[in-house]
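Here it is: the structure, laid out below.
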Amino acid sequence: MNFKTFFAFVAPSLFMMILFIALPLVSVFIQSFQITQPVMQNIEVETCTPGFLTQTCTTEMKTVPTLDEDGKTITTTEWVGLQSYRNLLQMDKVWAAVSSGNFAEILQIDFWKALRFTLMFTLVTLPLVIIVGLLIALTVNNAAKSVRGPVIFVSLLPFIITPVIGSLSIYWLFVGDGILTAMMERWSGTNISMFAQAWTIELLMYFYRVWHVAPFAFVIFYAGLQTVNMDTLESAVIDGASRWERLRHVVIPHLMPLIIFIALIHLMDCYRVFEEIVGFRSQAHVISLQWLTFDFLTPDDAGNRAIARASASAMLTMIGIVFLLILPLRRTWRDHKGSAH
Amino acid sequence: MSTTSKAMRQSFGLRFSSAAFLVFWCIIAAFPIFWIAVMSIKAPRDAFADNPWDVIVGPATLARGEGLSVLDIAVGLVVLYFAIRWMFTRLPGLIRQYANGPFIILGWLAGAVLYALAFLLVFFVVLPLVLGPLNSVLGPLGEPILGLTTQHYVAVWGENEFYRNFLNSMLVTAGVVTISLTVGTLAGYGLARSGSDLAFWLLILALIFRALPHSVLVAGYLPWFINSAEILRPIFGELSPTLYGQPWAVIAVLVAINQPFTIWMLRSFFQNIPAELDEAARVDGCSHFQAFRRVIMPVMWPGVITTGLFSFLLGYNDFLVTALLLDAQNQTMVPAIAGYFNRETTTTDQVEAVAAAVSITAPLFLLVMVFQRQIVSGLTAGAVKG
Amino acid sequence: MMLKKLALAGVVSLMGTTAWSACAFENETEVKILSAGFEAWKAVTDAMAECGNVQAELDQEFRTKQPAAFEANPSLYHLGGVSNGTITPLLNAGTIRPLDDLVEKYGQHLQPNQLIRIDGKIMAVAMMVNTQHLMYRADVFEEMGIETPKTWEDVYAAAAKIKESGKMDTPLGATMKSGWNLAQEMVNMLPGHGGNFFNEDNTPAVNSAEGEAALATLKAALEYTDPEVLVSDSTYVQQQFQQEKIAIANLWASRAGAMNDEAESAVVGKVKMAAAPMAMDGGAPATTLWWDGIVVASNISDEEADAAFRVAMEGLDEEMVKANNEAAIWLVKGYEPGPLAEGAIATATANPAPPAYPSTTRMGLMHTALGNELPAFLTGSRDAAATLVAIEEAYTTAAKEAGILE
């Protein structure tokens, strides 16, 4: 296929990605080195607000943005280099904590707190998703033909359900005296609060993510299992390979590309973890990198948003993902080279 | 696997633990969803009771005289059993009879919608009409014992006009699936057939695009979308549209966000279609596009359906993009649910939200029931090879 | 029976659209309004819709959308529903117009205290007030011989007494969900202790003796609250009340109605309202006053503004208030305060009166800083002094970025 035809095929897709992803990406990149702020002025303002029957008027100095003749806010944009990154990373505090040996201090800084959780979340759930997905695939494959249909259907439910709803449905089971918490209390005889400390919330979040994604891994593995070469399997049996050895030396290698595929998708999605934080209201205890970015972007009552820091945090999130992806992608690169030549 | 050789046969212990694991998994998978369905048909006080038995039986709901009798439950279960059985056994054949080839997708969709309508009709019109008089005759058997109220569904679909959100969701989702697949199939084919390094790096770039946190993207769009009329005026004059609130603008955004995944899936799928096929067509004098249309299109449906399903889930389940870029008139279902959780929420609102959540999940149920086979066969045909 | 209900619902919804035509005039200009989504706004926008050609958007994301949508030219909405918090970005950007002449033309029925004047110009028309105040289980208090608490010390003493009696494990409810809610508690408590958030030059002044005292008062609550208090928002506290799990809370006035909702509540008629508790003797109640009201966009034609304001006045008339008396503490003529409004009125008319929420650019930044830094203090991973330092640092970083600090 020559370049021109190739380009014609990919052009529409490329155009959409450039318009809606690449351009915003470039602007985020630029904004992470800039600070745009309105020109502020101090003026004395008298504000009258209602009590119940009377009004109270107060006069105070307010710092407000200056407007030009057209009524638009005058803003200045300044290149600040890595200032936003510095505000985010707070390296001075990190070094102070390291040199005093007080490592817990580092986790008081939002970015590092978020990074700790995001990384741990990604790395803990990854093997769990693959193992659980594989287990379900193997057991479904092992089950009688007649029950496979309904079982696959039920297994897919956690994956297809809207994430917002899925996380809420689990939140309700555990919050306060939710039925599952109440049940555990009855068994253990102690008062349990799942949302009162970080580790229980984290456990629930891991559980939710595995519950939600394992079906995806399952259905892909299951499809993969349908194409396992039966001859190889049979000859392995003749060679006296045990069930475990067959799994290890025939089935898993056959599924390896799929495992890599799942790992790739999972790493990316997990590193952007967000719904769990909102759904489980875990902000007080654990936060994630995308939540941090989102929080910077959410305007407060007065309409302020920390765009510069949000951009910096988004860029750092992306860099993190690229690092995580290098390993699985090296294999894709080798495959690509292998198939091209 | 049916011709299991002796050595392949499994010990009882293995079979038992395998089955036990499967049952355990199915319970975990279904329970939270089952539970919100139960909550949605109870009075607010029952729905958030801390004793599970209270939630299931619903004393407060019963106290208002709303519930099912033994007879209702028995008849309902029997009808339900046959309804589900019929769907798994007869429906597929019936649909295949009326639709074939590429139209099978449409046939399935139409079949599913008709089935859903019939299901609602039977359970909410025919059965109550028949069982109502019977209950009053039967005495103790006809006494309600299991609390059930449809008030929240009536509130959601009636007073709150949830059907509007439903239609908007359908519009957005249909748009996302069609455009995403059209654009993605072309690109996936191009990428699969070009062995150049450029193709590889494009794929990697797409992956990195996929890595960008959505909240950043969406917050970036908002000012442009709101001011688009003013920005585009020099180019398009008075016709320039305000993109904010327009479903097609949101469709474009969702398609773009979904492209990386779509082209990855479709590329690996096309890689598994032997290149000799289209090369043969090329030898016969077809251009690449003709080869694609005549040779590839007829065999690509399993992979396209599977990929389409993932696009469907993305479009249907999206919250961040639709919440921010659509106005209330064009709001889809998922962000509409968030409306029940504003700062003035009451317990009733929350149960209504649960009812809305169940309503959102129902079409997904149907979709998976219908396309379950296609997902597995599509994936088996090689839509994923890393 | 189900069928009958469905039919009934259909009839009711039909009635909702046709049988009402209480508007005094027929509106011909298209009017769009964007506001928050709670019950009072629903009542007002429904009343406005009777005039025809009104499109109301009760949107959860209005906080994000409103400033941008009003800045577009022409503005995407004619009217906006704001509170004293969310009016600030619109005022700052100059995207809402003064209403003096419109009020003169159409607003004869407005009460003088509904008119929000900023620098002498009417910029908004308020319709209701809201505030956090004390709600308590009158039956429990009476049974145990506890007087209505006046200060936070009284509140904790009462909570201790109820807890000791074994009647409730967690007698106190608190809206301390991390983020906005928790920060709001500090916004109540610091001025309540006589402290200030800022110095004259916009630098923070939280790190003070008053700051420490306010933090101590906040933390004292944890002994009597549910351990999951950091996820508890007003809906959750309201549910705890309804399910008889708590006996006292400092809760929003707009929540009072839910206590007597037969369908949800097990404590109908048992919850009473009183003024918000004071943080120190002789001080103002430790709370803030809020109002919600209507603004008109400036980037629209005068004719549109005229029509929009006229429609808005129809939404804020006596008739609407009479039909929805319990939906809010209305400022509109015709409102008859019931027993549920007692607490809010006692709070608002206290002497000295609590301040209105001081919405400014710097306060917005401070609110965010408080919401992000306070949870670590309440979970115990940071002490009071370090927390106050952290709040000041977070505020300073944000304030420099926003351009209000050098």
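In order of appearance the chains are A, B and C, and numbering begins at 1 in each one.
FYI, a contact is a pair of C-beta atoms (placed from the backbone, for glycine too) under 8 Å apart; a residue touches a chain by one contact, two chains touch by 3 or more.
The structure displayed is predicted, hence computed values, not measured ones.
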Of A-C and A-B, pair with higher C-beta contact tally: A-B
Going by C-alpha centres, which chain is most central here? A
Just curious, how far off is chain C from chain B if you go by their C-alpha centres, in Å? 37
Using mean CA coordinates as chain centres, what's the gap between chain A and chain B in Å? 21
Computed distance of Cα centres, chain C from chain A, in Å: 32
Which residues does chain B have that touch at least 2 chains other than itself? 48, 338
Overlap residues in chain A, where contacts from two or more other chains coincide: 176
So which stretches of chain C touch two or more other chains? 64
Quick check on the complex: what are the chain B residues that touch chain A? 1, 5, 7-8, 10, 14-15, 18-19, 21-22, 25-26, 28-30, 32-33, 35-36, 39, 48, 50-52, 55, 88, 182-184, 186-187, 189-191, 193-196, 198-200, 202, 204, 206-217, 219-221, 252-253, 255-257, 259-261, 263, 271, 288-289, 313, 316-317, 319, 334, 337-338, 357, 360-361, 364-365, 367-369, 372, 375-380, 384-386
Residues on chain A engaged by chain B in the complex (per definition of touch): 1, 3, 5-10, 12-14, 16-17, 19-22, 24-25, 27-28, 135-136, 138-143, 149-158, 160-166, 168-170, 172-173, 176-179, 182-183, 211, 215, 219-220, 222-224, 226-227, 234, 237-238, 243, 256-258, 260-261, 264-265, 268, 271-272, 274, 289-290, 293-294, 297, 305, 310-311, 314, 317-318, 321-322, 325, 329, 331-333, 335-336, 339-340
Chain A touches which residues of chain C in the complex? 63-64, 67, 84-86, 88-89, 91-95, 112-120, 126, 129, 169, 177-179, 182, 200, 202, 226-228, 230-231, 236, 240, 289, 291, 298, 329, 331, 344-345, 348-349, 353, 355-356, 359-365, 367-368, 372, 375-376, 378-379, 381-382, 390, 397-398, 401-404
Which of the residues in chain A come into contact with chain C in the complex? 35, 37-40, 45-58, 61-65, 67, 71, 73, 76, 84, 87, 108, 110, 175-176, 191, 193-198, 280-285, 295, 298-304, 306, 308-309
Residues of chain B that touch chain C when the two form their complex: 43-45, 48, 66, 124-125, 128-129, 132, 150-151, 154, 158-159, 222-223, 226-227, 229-230, 242, 244-245, 323-324, 327-329, 335, 338-339, 341-348, 350
